[in-house]
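Got a structure for you, written out below as structure tokens; questions coming shortly.
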């Protein structure tokens, strides 16, 4: 593998819980609890998990929109978590984010053109004329056409707004984009349009994506690699195809089996998980998945399994499960 | 069971529902007709704004009036015309004969009353049970929908339950009076995938056990494929295609159905470079094109499509399609 | 235990508020407030007498000494004697607070109940003529100055220029009829003005609640309208309603209704306070302001606890 | 001084205080009066119900600063002397004093003997709850209280510097154990007072509420609350008091002193219609209960008076004068009112006036004599512009008396023949004066018109501004400055910060000296000379007259002083209001509120409803 | 596929109808509200009256004694005269200008103060700055309104704008709380996060992204505040704490209390009607504005 564009090392983001007479900190919500991975230029890492698993927090912590509690985020080998705010602002040219809610992610009082030009203005890129040209170009690229730049977001549909969001993220030619559930709020027909657009842009511009979604099918469609998160931790990480073909972690298996398939012919056996996802404020001891795991045994309740490589040499698949056999030495 | 043996349990004919907006009335549902037999499960699918939820609500006459208005058609349930039924009789019917499960279990339950209170309320009203009896029944219901520690849950408030449990409570409430028809409006959309699978399994099981008919309103083709025997596809307030699920998914006849099916990403063996898409966007209900509503986005469009609105016509294989040029 | 701890925490949080209110009111009303000296002087005074009176009143002491004294008085609830009459401040308040309460409660209760009833009518006929009529009248109520209403009603109901039915002024609670006669017009004026605001407020709250999903759910299960109203609308609107009602309490109990009391010559606490301001009766002022602030903090606390009672989602944390 | 100016307009206009019982009193209102033994059984206690426009601040005699306080104080307490019930002009008579004092020839030593057997009202502050006998030492103690700053006394200026040793006593720390050489009880019933210089008004001051006799037990018992809980030896005992009303009951132990109408100055011609002959030979008080409502609002008092008969006596609000009066002089009621009420009109013992503050060089004293002359012209022009008659018409409905100078109509020294030029409007004359002295719209100074915050006061200003505009004074150069509280206004006066002082003055005693002292130089701010006028001749005449007993010579001096004030254009002066009292026909009374105020209440009697006190044979009106 | 509107096969048709900013949408909505338009017209008429007063076109003799005491309604005195013979109609007109002065000054300053403090505390919610602003609001709200106003008016006795200061310092908390709430909501919205992700500085975020989105609240608050100020002025002037110089409806009403007993109500009626007209019209206008600007209803 080449030098990674992005390397995340043991990243943690904890939110304090206050309580008692003097509102002291009585606990921590461990939204992200020791996550490590790398991302190569131009590749897409799909981050999948159910609500509350910390996947969105992870995306924001990587971008330093929420300062991580501990751990490192190395972009081009530079630790973002250690930067001062002005330094960080300068680095933001290289990393961007696309949001989930197409209605909330654009300022309703600013035109589309202003929204897309804003990053250029902030980072003082080009002359006014060049900026205008770039805005037109970007609108063209996302399929809206330059004519719309004087319009306001409320005149656009959800899919169109998501395109505007993409154009804004692309304005600075970032090397890395976090896409936080970018299509979850869209209808199927629009979703596919937006997915195709982002795939095309990624190919054309060689952007690395961290694609966050709860929808395994979408993740599988867009990702080179997939990371499955559960309760703030990555439980399985590896090439997308391999994970979907042959999930190793019991949670991944359950997740995969739960995805409804629009094909009445294909009836699969469901793995139904007992119980509910525990609160991240009170994670169970040992393996966070053990209360619902069909394979759980004594050690699962005591020791937290680490993410480690497993057998078969399938492109560096890693699983955090005691029950998955280790690759032979 | 009331009604002639042959008569369907539910029969919707030319249903039209309008909403008043600042730009004048908008027809959210325009000439929808379908039947439902006892014990049958039908999926009502379509993208947002296609009128599926309004259709679902209209089956209990729950469309808010104003701004909504029933502009025409009929809804016959068990031999009675719902659109002409006095409010008092409707109330007796709601929850007892026709029950509904909503999309957002968090907001659909009254946050200031306990689960038990809300459940017994329905039981006492429709089944005339006493306080104690109702509580026993409520407990049984919760156990039936597999809520762990049901006795404790009875005294808890909705916000103390997880999303999946809340939806189970909703289902328990809906089933409490043994309705003949269950309208489930996106019952699993707000849930996580693993929970969705469980809840769907629960619904399927109970529906089979109780033998009630069910209309499942959803945007998720996968959910329909796994749950329903028959599917109705809506687009822009009209039904474009209806057929047995197996047939519909195996051989969609309407170009919209086909496009929809193709554009859903699925977990495949190999990644596709690009998803097939339906180009363009859903037209604005306030300025519908003449002719077929799908014409602007349709690869098979012809002059006729732009001039003449296709009617829902039977096709070989049992279904119906509203298209001048159906897929072979 | 939970509630107790919560109450303690809230009380603790009220301390800075209390300090703030007392400091602000002390600075404004007492330190920079009206000066009693010149009312206590004889007709033909000398500079020495002025200094003498100021010393007697304690005006010559430093700011913080006086403020500390104030806090001590507040803590012991002993505000001493009025600078004007020499009456005990506690006696003065014990006499006037019940009057204000007896005067204002009927109007307050009636104004809210009627407002709620009208709001419900309007909300249930939303967009149709009863709604339009009620809301139109509500705006009229909101647009008329309280002062004008008081005078108009007074002239109309209480003088020979109008119906001359009720006593024009004064206060008596000697018997139920007497009491009713004295509160009739003030109550009418209060209700008239409050109705506009109350109706609009309640209608907004109710309409918002009526649009919620659980109301639809209840309808889907055949809940009859009255039960719907009670179980799904009113109970769920309780928070804004409780807030509105609770926060009026300190102003009735301590603030009194200055205008009503002045216009109808009713010896309530509003007038006592205002007279204390204009005559510079600082002991009374200090008591009123301090008690109001304390009551406000208490109200905050009780309201928070009530929130919990009316809405289980509100956590005591 | 008269408190008209201190009625903040909101109090005045809307601030009616309760007419009926406050809640706290509710229980005591209709019951609980024990009827004395041997009294004829009546349906209920005989009650006289009176209304009043303002509540007294405090009932402590040392703070009995106005007629409102005095109305209560002189009925709850006793004074050594008092004014005769019916004599007009006012005349003193001994009250607690057994007789007139023995006065030394040099007019410096007074020996006063007190009546024996006078008892304080029963009160828990006394041992056993029973009032003890009033003794001379009580008077000494009471007067000492005026010199003890802790009591916040307001009447000390009457005696300060005049009674030997009294100031020293105060500066030594007001120790009641110490004696004052000039104020001693020679025995239990004899007082000796020694003066530093003759003080002809001394006995008048002993008729004031300020000098009312307070038992030290009450002070010890009630402390500051004495202000709400009087314990005296007067004809009535206060049983309830708040800002809305005071309720008295008869003091059963009040000394028996049959009324001698002649001694009280009865004038059968003018006063027979009141029916006061009915009280001749009987011992006051005649009613069991006395209620005074404090209702700031005219309308409310008038309504209560006319509606039922809960209030039996009230002053006629000027606004109703047109509707109620058939003629003003003499006072005659319209027939429908005459059937029900009796009326009496009397002049105010005091006046309202506006003076320039000579501390302001803009129109007062100036280092440049030429400018000072021009300033005088300015003042005179303003006086000419001022329209007293308009004010009388607007605000007093023509019921007031406009008079020149500062000697008010009610005192014997008043000169009805004095030229009215100084109170007659002369716009042309004013313009001429300004023009002749080089005053133009451009160089006229800005006039700041200070007033308390009241709508009436504000309208005075508007009227004044409009009048000045007519003599060419630019309206923007007449500025209103309203003071939020009377205290603030008073402070501005006392600190000499206001160029024009508009105020009222109520006479303390019927002697022109009481208003002339308002212009005595040494009384400058913070004293009562708000004009800060210093006229050498005036001051000399004042000092000369101050030690003289009433005499034609003194009157002449007074009138010369008066002329000096007029001639120097010191201010716009003056106007004295007339009060018109109305009372129900079954009430026997000759009401008055002037001078001390309230001394007439003990003579009031009430006949059963339906009866008329008016003697047969008199016309319906009168 | 609509001609010329698509590109690349995933091109998107953009609606041809063209409405621009939310403001224009709101304006279009407002223009359809008949009650609101009537209200606005009446307010404009009043404003014209006020402008005429400011420029000295009419009501110039409001302070002069132009007639007899309590002259009846006549061609010369449309509303009669008052107790000292001033023309009530002219005084009523003149008071219109006062009402606008008070209303505008108070409304603008309240919105500025409330907006700034509310936005600051909202944006810094949870910080000590927020705590201090919240504390201040709590303190101000804990003192009953009239008591507070009276206290300020007394403390600033010599200051001609004591009433304005009093109103501003008590009214701002409502706006402040509204803005704070809205800002907290906005702060959590993704476009603000997007701006941060783009590297936009704090100040620019507040100025460009947060404040403009509270403008509709500020505008509505301003109209409500205007009405409140006019109504409060009447009461305060009546209590003697209000307008110091000039004439106002409140002063006219307090003047009228001197006349009730004599049975003259011209001052009361004139001031009441004039004031009611303006306040009612303004309320209708404010209602329509609120509806037009309600983001929930902008669709």
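Every chain is named by a letter (A, B, C, D and E) in the order it is written, and numbering of its residues begins at 1.
In the analysis below, a residue touches a chain if its C-beta (ideal position, glycine included) is under 8 Å from a C-beta of that chain, and two chains touch if they have at least 3 such contacts.
All values derive from a computational prediction rather than experimental measurement.
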*Hey, which chain ends up farthest from chain B, C-alpha centres compared?*
D
*Most central chain, judged by mean C-alpha position against the global CA mean*: C
*Which of the two pairs, A-B or A-E, is linked by more C-beta contacts?*
A-B
*Hey, how far is the Cα centre of chain D from the one of chain E, in Å?*
49
_Counting only Cα atoms for the centres, state how far chain C is from chain D in Å._
39
_Chain centre separation (chain A, chain C; CA means) in Å_ = 54
*asked:* Going by the contact rule already set, what residues in chain E reach two or more other chains?
replied: 6, 10-12, 15, 154, 238-239, 257, 260
*If you look at chain C, which of its residues touch at least two other chains?*
34, 159, 277
*Hunt down the residues of chain D that sit against at least two other chains at once, touch-wise.*
8, 10, 14, 299, 484-485, 488
*For the complex, which residues does chain E have touching chain D?*
63-65, 69, 83-86, 153-154, 157-158, 238-241, 244-245, 251, 254-255, 257-262
*Report the residues of chain D in contact with chain C in the complex, numbered from low to high.*
1, 8, 10-11, 14-24, 26, 29-30, 57-60, 63, 65, 149-150, 152-157, 223-228, 242-244, 295-297, 299-300, 303-304, 307, 484-488, 490-491, 494, 508, 517, 523, 526-528
_Residue ranges of chain C in contact with chain D within the complex_ = 34-47, 49-50, 52-53, 55-56, 80-81, 84-88, 91, 94-95, 98-99, 102, 158-159, 167-174, 178, 182, 262-267, 271-272, 275, 277-280
*asked:* Give the list of chain A residues in touch with chain E in this complex.
replied: 60, 63, 65, 88-90, 92-93, 95-97, 99-101, 104-111, 118-119, 122-123, 140, 143-145, 147-148, 150-152, 154-157, 159-160, 163, 165, 168, 172, 193, 196-197
*What part of chain C is in contact with chain B in the complex they form?*
126-127, 211-214, 216-224, 231-232, 235-236, 238, 310-313
